[in-house]
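What follows is a group of structures, each given as structure tokens.
What follows is a pair of complexes built around subunit A, which joins subunit B in one and subunit C in the other.
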Partner chain A sequence: MSPVLPTDLSTGSLAVRTQGLAKRFGRETALDGVNLQVPEGAVYVLVGPNGAGKSTTFKVLMDLVRTDEGTAEVFGLDPRVRGPEVRAQIGYVPERHDWGYGWMRVGRLLQHHATFYPTWDAEYAARLAEVFGLKMDRKFGSLSKGQGRRVHLTMALAHRPRLLVLDEPTDGLDPVMLDETLGLLMDHITETPTTVVISTHQVHDVDRLADHVGVMRDGKLMMQVPRDELHRKLRRYRAEVPDGWAGPAALNGAVLRKGSFGREIQWSIWGEEREVVQQLTSAGATVRDAAPLTLADAAIALLSRRERA
Partner chain B sequence: MQLAINTADPRPIYVQIMDEVRRAIVLGTLRPEDPLPSVRQLASDLRVNPNTVAQAYRELERAGVAYVRRGQGTFVAAAGTNGTERRALAAGVAERALVEAHRNGVSAEELIDAIRDAARSRDPHTLAEQP
Partner chain C sequence: MSGAAETLHPVPARGVVAREALRAVGQSVRLEVGAVLALLLGLLVLMATVQPQGAGGADYDVSDMTWPVVILGLFAPLAVWKHDEPSRRAYLWSLPVERARHTLAKVASGWTMLMGLVAAYVLWAMTVALVTDGNITINPEWEAALRPTLPPDARIRDLTLSGHPWLWLVPFTAATTTYLLGSILALLADHPLRVVAGAGFAFFVAIGLLESTGGAAEHTADSLFVHLVTNPYGIVTEVTGVVHRFDTGPGVLNDQPNLGAWARATLLWMGAGLAATVLAARRYQER
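Let's turn to the complex of A and B:
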């Protein structure tokens, strides 16, 4: 039995919905049946190692990549057909900032960007630029990773889009700037009703923001779930067990990660706590502790789980 | 008001916010009719999702600890400052101590005895160790 990790968030209205996205680059499978569902108003954090397919998924939403199979919808619009309309509603921070305009000065780039967005809020852009310490006369191409990221964040936020798609937005930010950025982002979503999708491999950075979590590996979305449910259902159990204990068969597949120290096991298990404790107990274990995991630890438990045949 | 939130704490963040407000009420640093920070302010200060702050405030309201004045914000309720909050806070601390004791294979009785012993060796007001 495999634990059925939840993947359906489609109970309310969705800002983003993809169905069966599949994409191959040569012999590499980048996406393999991705059904991304981002509820409207959510702060959805997409977690996964490099090469899991997070950036490719985001590019599909922007119509920067076209898939071999599957469909995508952003606020009900197909990016392939209604690209400009879709992009007008998205504030996008790409993973890499070397996508051109390297010769342009930052101030000029912001002006240039503003002309594409009727909703551009110049006053807000100026405020963001000040907090981010943007140097307007520097050439965009000469900026460090963190500086480039701040320019992109300014461009993404200042037109107050309905959807923010942030690909590794905290990458390259120093701790103080990271803290400032998270504060700005929280200000932003309280002021402006926004749906946010963030990809990251620095899960700790965004732990406090996430209210929905998706976990991606090898082009597959293994799980997507409200944060509360993840907090409630994925727990690390510590229990004393007899010598040579194998664990209850009913939990096969629900155990995501196993560790032990002497005769104490430390297993990360998916399920309702009461049921899991009952199963461990009736199999002869003395449960000492059932602790929820931080988002970072949960990601490790889910991602390090070995595929079973 | 400065709240302390810790993502490594097993309590969900909205519960931590509720507990911090309760703590401030019990300590007297928040009194009846004092305003709580706006959702926006607190979300921004703590760098947490505003929905999480709103959830904590809703739960505090439901528990009678706080109330909403239309268009003005959330305020500490008079009912929140009687003995109930003190007991609720003490119950929470006890609960966490019990879980910690159980994890270490210590029974409830052993824990209670140990707390008495520890309390005797410390100054009753500051809980500092006595020489």
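Let's turn to the complex of A and C:
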């Protein structure tokens, strides 16, 4: 069995494709050979801790950051060459909360933003504003983090972009608004043909949306995979093992996370279930259970793998 | 990879971007514009009520009148770009507009607002002169020189308007030039005020050092200062319309309005300012 985590999604048409993106800020490596592949129509959740390179990757797509190496394409267009056209396809929610003019009132900011998007749907914007409870006469700069986030989401969604690039979109939202927002996003995806890329380090927030998952750490894309494949191949195995059991050598590299309670082990392992069970059994373990992981648990397993490496 | 052009969402039309830039800049600087207009109105009321009748009125020298607008022009870009310093331009740059063009649209919007303010200022000066029974005048020395060429009953106001009507353009061109120079800094620097202060300080320190050394260096310093500031192509000629002459004898004016020199200096400084502004904007060009 192969311990190598999958990083190639290049089947069918891609909304976003980057190849070998590399970026350094002084001595810091922000991106290190990132090959992001987002299929058209996918809801791709990019998971990673703070500083993993998620925001920098998104900025490359918006041509807000120029890479040292590598290329990026959004619907086949190079953001460095055809920036305005690329940005016209994207509804962007940045990581920064002060994105937009703080001196403008919310209504004016939306009006200002709408001017730049000929596809702006005023009726939809009004509906979003109502659902989000936006106070149009408040100055944007005086809003709380959560209120500002809702304005950003309205700005991103109301022109019905072909691609939504959402950088920590749930940051600052209270639980009720988080639920409203996720419901709204799901409605949006149903109503509008859209590809969505969401970055987050709060995976459980977007669990119900994701159909593709990428994991980033230290500027590297460690894995990207369809959700159903992740669900199928990444499992937590509960097994009873003899004293001093070391595990099968063939699983080296596929075991992402280990835990043990006496003679019982709980290992998160990447691979076809049948093969993994066979390997464990032939090494002397008695497999009791093999359960799929939630997205949040999968993210933890994948991210903790590197720490042991 | 999908990329069919017909399915792409369109970018906004240039006219739409230009109009929105004008509107947004107008709104963002409304406090500053309001403050200037309030100041002018306050001064007008003050002068109209305080000026004693028959006291000769308030006279305004057209060439000296340009200095406030020169300062206004220099600092106006700071107001125009106050929410879009280079390090805070993420929102502006994330819009689907070619960045160099968007930058120039904002510069042009700010210039339009500035021209409105300069017009208000000139009107204010004329109004003050009228309500106080004073004159919009030119330098008294010029008057002395030009008076013999005019009918005996000609007023100085007539002198200005009929003799040198182009002087009314000077406040506008002067403000435009300094606005362009200020825009370069605002486009490139997060703290343009510090750059202005630093450059000014460095310039005068350099001149001072060169002059203190004497000999050829002193001559170089004098020459540099004269060429940049007071000669027919200097900034002072551009912003006042006046040429300072050093080779005059007794009874000859030192400072005289000179249309040709002003036009050449304006072409030079405004052209250089415009070219540098375009270059500064092209720094953000995407292609």
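As a working rule, the second predicted complex is superposed on the first by the 301 of 309 C-alpha atoms of A that agree within 3 Å, B and C clash if a C-alpha of one lies under 4 Å from a C-alpha of the other, contacts with A are read in each partner's own complex, and residues count from 1 in each chain.
Everything below uses one rule, namely that contacts are C-beta pairs under 8 Å (C-beta built on N, C-alpha and C of every residue); 3 or more make two chains touch, one makes a residue touch a chain.
Just so we're clear, the structure is a prediction, and the values are computed from it rather than from any experiment.
Q: Figure out whether A:G100 sits in contact with subunit B (first) or subunit C (second), or with both, or with neither.
A: In the superposition, A:G100 contacts subunit C only.
Q: Quick one: is A:R257 in contact with subunit B, with subunit C, with both, or with neither? Answer first, second, both or neither.
A: In the superposition, A:R257 touches no partner, neither subunit B nor subunit C.
Q: One more residue to check, A:Y92. First (subunit B), second (subunit C), both or neither?
A: second
Q: In the superposed arrangement, which partner chain does A:K23 touch: subunit B (first), subunit C (second), both, or neither?
A: In the superposition, A:K23 touches no partner, neither subunit B nor subunit C.
Q: Per the contact definition in the header, classify A:K233: touching subunit B only (first), subunit C only (second), both, or neither.
A: The answer is neither, since A:K233 touches no partner chain.
Q: Which partner does A:R149 reach: the first (subunit B), the second (subunit C), both, or neither?
A: A:R149 sits against neither subunit B nor subunit C.
Q: May I ask you to decide whether A:A210 touches subunit B, subunit C, both, or neither, giving the answer as first, second, both or neither?
A: First partner only.
Q: Considering only touches as defined above, state whether A:D187 meets subunit B (first), subunit C (second), both or neither.
A: first
Q: Counting touched residues of subunit A, say whether subunit B or subunit C comes out ahead.
A: The larger set of subunit A residues in touch belongs to C.
Q: Looking at the overlay, does A:P292 come into contact with subunit B only (first), subunit C only (second), both, or neither?
A: In the superposed model, A:P292 contacts subunit B only, not subunit C.
Q: What is the shared patch of subunit A, the residues that subunit B and subunit C both contact?
A: none
Q: Can you name the residues of subunit A that touch subunit C in the complex?
A: 13-15, 17, 40, 62-64, 73, 75-77, 80-81, 83-89, 92, 94, 96, 98-104, 108, 112-113, 115-119, 159, 161-162
Q: Using the touch rule from the top, collect the residues of subunit B that touch subunit A in their complex.
A: 5, 7-8, 10, 12-13, 39-40, 43-52, 99, 102-105
Q: For the complex, which residues does subunit A have touching subunit B?
A: It is residues 41, 43, 179, 182-183, 186-187, 189-191, 204, 207-211, 228, 231, 238, 288-289, 291-292, 294-295 of subunit A that touch subunit B.
Q: Taking the complex as given, what residues does subunit C use to touch subunit A?
A: It is residues 1-3, 7-13, 16-17, 20, 24, 27-28, 83, 88, 90-91, 93-99, 286-287 of subunit C that touch subunit A.
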